[in-house]
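Both complexes shown next keep chain A, but they swap its partner, so chain B is in the first and chain C is in the second.
Right, the complex of A and B next:
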């Protein structure tokens, strides 16, 4: 370390690459969170209120995803799907699909707990004013559930953003992959990895701060 | 025909018979109070009326229409859609207020008006403001439930229910969860509604209030109606032994109970 001479010019020369990589990672995390939220909702309802034949597959899905390493799932989808005759997904799409399925399992658990924690009285009040079942979900249960689970959703977004680094394993040009490339091309080891580290750290922290503000805005249940 | 007609209503939870056979008429404009020890079935009966609980036998009819079941004698449950429409004609106020926590006072009152009754936003807002004003909360209409005291929340809940112009209002121990100093403001609102001719059925432990506001008092015991009549009769000339014991707890409140 003491004998290491920093040369940051390689970073500035590759700055555009780093920025693109960061945005790609963020984009993959956000899209996965959105798809994962949708999956999570469906699965949470299937497990909580669905017919018996749906509960079992929902349970298997959640436990399978949660008990298998994400990197393995990434390889499974990227290398496995074509073997099963499913082509047409590029690297980014393949990774987003994986991360969405992964997020979906975790969100399902978050939502299941959220739904279970809603006091029964809210649903009863909604019934008492004559709202129909779907209206009760749409106007009362879901909005309350989202507000209760917002902190968990926030944490999930930060985790997913960091997990996008695993896409480097299938050569998606996100931050970790880019740092490795710059490192390989320039032999500037510390500069490359410190830059990636700083960008992850800064972005993840910024996401958390922004979403804390959103949480505060919507924290109407105290 | 009475506004509400309950005939031989029965309900059990598992092996516990909570309602053994309830017969009760509530006339238009009448204020009927249900009193009795906890576990006597008052709340369960109230919840059967707007089908928060499904009763097992007998019938409850509002304006001659059986609530929750077909009236062709085969007693099949109605669809959720039909039941929801029936519930919209009955207002209910809960012990725990149950305001929607993510909505302001005004939005709480407006939800049923717009989504159930299909009113336009403007019209619903006008109605909501009228009722929030009537319960003394026009200054608080943009407040969220967590920003309101228990008494204020309960008044919003009352506004939310009456804004729907229900045929009948149900009050389920509306003041039991309130701090003592907040009880009076809620009782005043209920009394105001009673005077305006709203038909009400209320479960309450506020005996003095019941005596003042009710036109008929129903004492329930063990899932049955043990005695019913005008307040003077029930409170001052109780015949039923259990009623005497029950009223004994409020000894002194009504002069000499027997």
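Right, the complex of A and C next:
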């Protein structure tokens, strides 16, 4: 059925390009996750414990980001910010900014659920031994919350990594863009896309497997 | 003032037909994807839960591979790759095929999870009253499982609606690309992106709220 002669030399010739692309995607995902975690924490606290004037914007932020396609957000930030007079972001920075805002909304939901799942007794016990409000969060609530939410954080990192493929739409030379370029330059359709597929699969599962081990190490024993 | 060249209202009115055509493409691709994806996903989910091992292994392989690669790669692969199999498709159908393939794997995983989350006692009770396998699945397991499928299924459906924007990359003129084409004519970047954004937000948020309401209703039915 498939009369196609594979010629993998094209891939080996562009191998360092693929590796650079993969590392760029991974880097963008990790940075976005870190910034997103920070945003997510602030938003989760704002939604859970903030004053009313903060709860509402936090809710709007989360629901807005979660219900709008990421590609649209990418274009919005990339083409829209200069329009608002904000120059000086290159395409990688612009994409990382978008992905961070995107991750922030999802992390906020994760952390909100995490915070809600911690029994009241923890906060009460922390109070009973005389910890101040910030200390209670810092030494008691947050460590437990991070342990509980670790599986969700793993999932988010994997999907963020997959979402870096959208950076191809604004010509960031990550994996999808590279595969597309190699495909266009050499007409080796199967080779370029199978390579991209394999690299995405391998990396996504590598992230998942490594972080599952970390999860096991830090699992909450109930 | 408003009905002048360069004003958003005017330009929006000028672009109304192309935007509507884009909107229609978004709706039709979403609909096709969700229908095809859900139907095949249900079957694949049953295979994952009850299939004999070679079938189950194949299904598991398919689901895990598709879930491990980005949707955009799948779309581009389908767009460039299907021709090699002597399948000549328009970007529209290449996109629908890729989106459906993605949707199938997600629905299948949800269905499998839901089936396996039905307590074993239910199946045992059905066995005890003498129901054969197919009737057990049809009358006892699936009705309970499908109720649990609803929330994640709506999530997947929303993902698919959002995923249709990726078709703009292979040149399907859906709402996003239609907006971009309007922008290319009049440079009202913020206004048109904002309009598209608001549209997606309203539709998806409405569906999500509807699903949440349905879920609350279904919560009454517990064993």
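One rule holds in what follows: the second predicted complex is superposed on the first by the 221 of 222 C-alpha atoms of A that agree within 3 Å, B and C clash if a C-alpha of one lies under 4 Å from a C-alpha of the other, contacts with A are read in each partner's own complex, and residues count from 1 in each chain.
Everything below uses one rule, namely that a contact is a pair of C-beta atoms (placed from the backbone, for glycine too) under 8 Å apart; a residue touches a chain by one contact, two chains touch by 3 or more.
Just so it is clear, the structure is predicted and the values come from calculations on it, not from any experiment.
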>> Quick check for you: in the superposed arrangement, does A:179 touch first (chain B), second (chain C), both or neither?
In response: second
>> Looking at A:190, would you say it contacts chain B, chain C, both, or neither? Reply first, second, both or neither.
In response: second
> Can A:90 be said to touch chain B (first), chain C (second), both, or neither?
Replying inline: neither
> Does the superposition put A:147 against chain B (first), chain C (second), both, or neither?
Replying inline: first
>> Let me test your reading of the model: by the given contact rule, A:80 touches which partner, first (chain B), second (chain C), both or neither?
In response: second
>> Counting residues of chain A touched by each partner, does chain B or chain C come out ahead?
In response: C
> First (chain B), second (chain C), both or neither: which does A:125 touch?
Replying inline: first
> Can you list the residues on chain B that touch chain A in the complex?
Replying inline: 50, 52, 80-81, 84-92, 94, 96-102, 111-112, 115-116, 144-146, 157, 160-161, 164
> Okay, in this complex, where on chain C does chain A touch?
Replying inline: 65, 68-73, 76-77, 80-81, 83-86, 158, 161-166, 168-169, 176, 180, 183, 189-190, 193-194, 196-197, 200-201, 204-205, 208
> Hey, which residues of chain A end up touching chain C in the complex?
Replying inline: 1-2, 4, 63-64, 67-73, 75-76, 79-80, 83-84, 162-166, 168-169, 175-176, 179-180, 183, 189-190, 193, 196-197, 200-201, 204-205
> Once bound in the complex, which stretches of chain A touch chain B?
Replying inline: 119, 121-122, 124-133, 135, 139-140, 143-144, 147, 218, 220-222
